[in-house]
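The same chain A turns up in both complexes below, where it pairs with chain B and then with chain C.
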Partner chain A sequence: MLGPTALWDLFVTGIFRGGMYALMAVGLSLVFGVMNIPHFAHGEFYMLGAYTAYFAFAVFHFPAFMAILSAASMGLLAGVLVEKLVFYPLRRRHPEEWVLNTFLVTVGLSFVMQNAALAVWGGQYRGITQYWQGAIQLGSGMHISLDRAISFIVAIFCIAVLWWFLDFTRTGKAIRAVAQDETGALLVGIDLDQIHTITFGLSSLMAAIAGASLLSLNPAYPSVGLAPLYKSWYVVVLVGLGNMAGAIPGGFLVGLLETFSYYAFGSGWQDVISLSILILILLLKPAGLFGNRGISLSKA
Partner chain B sequence: MLKAGPLLTVTQLESGYNHLQILWDVSLKVLKGEMVALLGRNGAGKTTTLRTIAGLLKPKAGQIDFMDHRIDGLPAHEISRMRISFVPENLHLFPAMSVMENLLLGAYGIRDPGRTKGSLAFVCDTFPALARRRKQLAGSLSGGERRMLALGRGLMSQPELLLVDEPSLGLAPKMATTVFDTLSKLKLAGLTILLVEQNVHTTLQISDRSYVLEQGRIVMEGRSKELMKDDHVCKTYLGSGDD
Partner chain C sequence: MSTGGSHRWVVLSPLSLFLLAVLSVLPLWVQDEYLLQLLISSLLLGSQAMAFDFTAGFINVINFGFSAFVGAGAYTSALLVLHWGISPWLGPLGGAVASAALGFFSGVLTLRLQGIYAAVMTWFVGLTLLSLTASLSGLTRGYRGLNVPLFLETAARRPYFYIIFGVTFLTFVSLRWTGSSRVGLAFRAIGQNLESARASGVNPTKYRVINFTLSCAFAGLLGGFYAHFLGILTPDVMHSRQTVEVLALAYIGGRGSLWGGLVAAFIFVPLFEYLKPLMELRLVIYGVLLILVMIWCPGGLAAIYTQLKQQVRWPFMQR
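Now for the complex of A and B:
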């Protein structure tokens, strides 16, 4: 049986992983909802964030927050560039078969980015032990390492800021408008190209922050983004494609599920359990756990 | 009445969908302050004409001038910002946003909060039902209310020219009357309107001039009062029990 301390540890691990899955999944959901792109290169922006934070922190000795901030900027920059150089021209020239084509393009992009990383930085792991030393004591032997607590807070903070941005700013509202009705958005004067660039940039920024925050757990290496990519797709399919609000509880659910099944059945089984549950849910509720409600953030 | 140059001039417009040409030769003018109707049977190309003027379709040939600008080929969002509002037949509202959010997005191109406030006051005044339901989601409104909201959203940008496609479609007769009354009031308030309608009888009564579109070509034009007495118009458009 599990003692309270072991249970607490599992719970904390699950919740912390969940925060990062949520951060990744929200970006995927945003890109799918606004741009109709099934994004399979999302993990490479995570990878880019991990590398940037590694070099900033371990090589250039930036303070931890600056390292995460550098990763965020790099993610934003790379996202904007990729949108302008890849998706914008594709939308101009071949808007037909968009979903299938962009799926193939993102798979190709993932391959290219991974190999570029391999060529530039090599295959070795580049990790750090921690950004912040110490732990928060919660009495009776329960504690949380400061490093994990802060990266969790970073994830929650990013999601909250994104929510605020989408709900209250002019550009955020325009992003939601494009997700709900592209023609309607054009008719009120919204520049779709601009919104697509901002959306892809934001989503990449969040993936890079996830990669940077988890650097002490997952060192940077060329294919480090694959696992987070699959996990976030798992979350997105679980809660319903394009349902951005659902991606948050979904992320935590998957984080907890994974941690507990890992504990209960041992490594190797966690994916089997996760996938079985996914299949079961899709059989019972084909639209996902919460259905597809678009990226509606309204309270009603 | 003030003699003014045309606000909108469409010259020998050709347009359609991919390789399917729908409009062959459409020329029309709308003067400032006028309400002009575009009549024609289902499939004649009325919607295609409005979509092309609004920039949702790229013209294949011809020219569109608005005020002093040539606008054919401009993207839709730029045309919208030049203060042409298109209220399409299928509305294209933002269903998961509130009535208020939909209206405020209508003023997306206006960056001046003072002017946006003025627009909002005007729209709430014109459509009191919208003001009462401002917190409700657009997707949960009735058909009539959704049409009001689309019109209201179109007015939020304080347009010079309003393009309206089938505003009475699917509405109960009473609701349709309200819509026509509203359009007449807007015209009285100085708005220029290009209107497409199935309800030819009412349209000829409230509009100043009309064009008749058949198979992608303008086949007739004139003052609406005179068209009402025209043989061809009577037989083709007024005879078949249009209330």
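Now for the complex of A and C:
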């Protein structure tokens, strides 16, 4: 039986795990909510961030925060590039059946990025032992490495900044307008192409930050993005596709769920358990826990 | 390639019959075991692409857990043969039944959902099957690999070619026939416009489940043959990487054409085999091709063929 301290430890582990899931899921939700793209290559931007941070930190000896920042800029750059090279021409040529087509395109994109990484960097793990030395002791006596704590803070910080951006800046408001009604946004003179590029860039940036700040826990390797991808999709389907506000509690919920089922059933079975729960929830609530799509923000 | 709206009994066009006939006599000349192996791989992947296309191209649902259903059939067949001692020739039928049952249940659970939800749910079902197979290592031996009895004692490739060719032919003809029947018409109606199909009295969920179950049955059948052809199984056969390869072939071939995936397999499987030193690049090329096809030529090879047929008037063709 679980004592209160063990329970507390599991709870903290779950919340810490959930922070990153929330960050990944918010990006995924943003891309679906604004661009209607079911983004299957989201994990590849996580991978790109992890590699960039590795090279910046371990090879070029950047300070830790600089390494994460360079990963962020790499993510932004790659995201903008991909949007201009892939989604922009697709939108011009075949706007019909957009959702399923873009799903397939992102599947192809994921294949390309993953295997290009394999061709260029090989299959070996490139990890670092830590960005920051030290650990934090919690009241219960459990130690949490400083890296994990800071990566959690980074995740929360990024989500908060995104929120501020979407709520208070002109561009952010335009992004929300496009998410609500594309035609309406076009009518009031919003440049759709620009909004799409910014949105995709932002989402890629957040995925890259996630990959970079978790580098000491998950080393960089070509298919490192698969698990975060699949976790963030899990969150997003659980709360409802495109529901950005829901992605945050959803991330924490999944982090907790996973930690507890890992504790109770061991690895391997935790996936089976979580997926069975998801299928059950979708049977009862097909639109996800928090219902309908569209970015629902505090003021929206 | 049967055109026209009416349902014909002869479901294969003269050209496809001719190509299949050429293919069937090819091993009489090809002595090289390596080349035969390539032909077999093309057949296996191509028939999987056809079974995949049966849902993607007809009812517009992407079965992103496709390989898991192939793998479920493979494991079922292998375990039936190993534990119950039934003949490897009957095993794949058991695999087909098992995958069809799995397909039926996941279809009932997920196909009420709209397009992308259904794709994501089939993906999750596939992931669950994969981790289940890996976790049940007492039964499946997990990643250590399961040794499966082969069909034949011989290691010669030619008999295997004919086995796999037979299965491919069966798959092609059955899917083609179903696709051009009244049921197939309902499938296409749902795929093109779900709401208007519903309005004209077609029950979308029912037909989607029928279609999905059929496709999974063929996935399981092909999986069974794959198992007793290859002789070893690991949970990796269920990985979404495999699904993506099948999916890429189906879309490059042309969605909704069925034969496109087979043709694409015969082009790309041998081609990539010769690019073996560039193993990683092989998959990059698959991905790039998939993206290019989606952007520039959504109909794939099948659409190119149709265009050519309209532009070029062959002297012996009466039109």
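Rule of thumb we're sticking to: the second predicted complex is superposed on the first by the 287 of 300 C-alpha atoms of A that agree within 3 Å, B and C clash if a C-alpha of one lies under 4 Å from a C-alpha of the other, contacts with A are read in each partner's own complex, and residues count from 1 in each chain.
Note that contacts are C-beta pairs under 8 Å (C-beta built on N, C-alpha and C of every residue); 3 or more make two chains touch, one makes a residue touch a chain.
Everything quoted here is computed from the prediction, not taken from an experiment.
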Chain B versus chain C on the shared chain A, clash or fit?
fit
Between chain B (first) and chain C (second), which does A:181 come into contact with in this model arrangement: first, second, both, or neither?
first
In the overlaid three-chain picture, which partner chain does A:173 touch, first (chain B) or second (chain C), both, or neither?
first
Does the superposition put A:161 against chain B (first), chain C (second), both, or neither?
neither
First (chain B), second (chain C), both or neither touched by A:190
first
Quick one: chain B or chain C, who's touching more of chain A?
C
Just chain B (first), just chain C (second), both, or neither: which does A:6 touch?
neither
Kindly classify A:153 by the partners it touches after superposition: chain B alone (first), chain C alone (second), both, or neither?
neither
Kindly classify A:230 by the partners it touches after superposition: chain B alone (first), chain C alone (second), both, or neither?
second
At the Cα centre of chain A, what angle separates the centres of chain B and chain C, to the nearest 10 degrees?
90
Which superposed partner A:138 touches (first chain B, second chain C, both, neither):
neither
Min C-alpha distance, chain B to chain C, superposed, in Å, is 18
Overlap the chain B and chain C contact sets on chain A and report the shared residues.
none
Please give the residue numbers of chain B that touch chain A in the complex, ascending.
54-56, 75-78, 80-81, 85-86, 88, 91-98, 101, 104-106, 108-109, 135-137, 153-154, 156-157
Which residues of chain A touch chain C once you look at their complex with the stated criterion?
38, 86, 89-90, 93-94, 97, 99-101, 103-105, 107-112, 114-116, 118-119, 230, 233-234, 237, 241, 268-269, 271-272, 275-276, 278-279, 282-283, 286
Seen from chain A, its contact residues with chain B in the complex are 170, 173-174, 176-177, 180-181, 183-192, 293-296, 298, 300
Quick check on the complex: what are the chain C residues that touch chain A?
60, 62, 109-110, 112-113, 115-117, 119-121, 123-125, 127-128, 131-132, 134-135, 244, 247-248, 251, 278, 280-284, 286-291, 294-296, 298
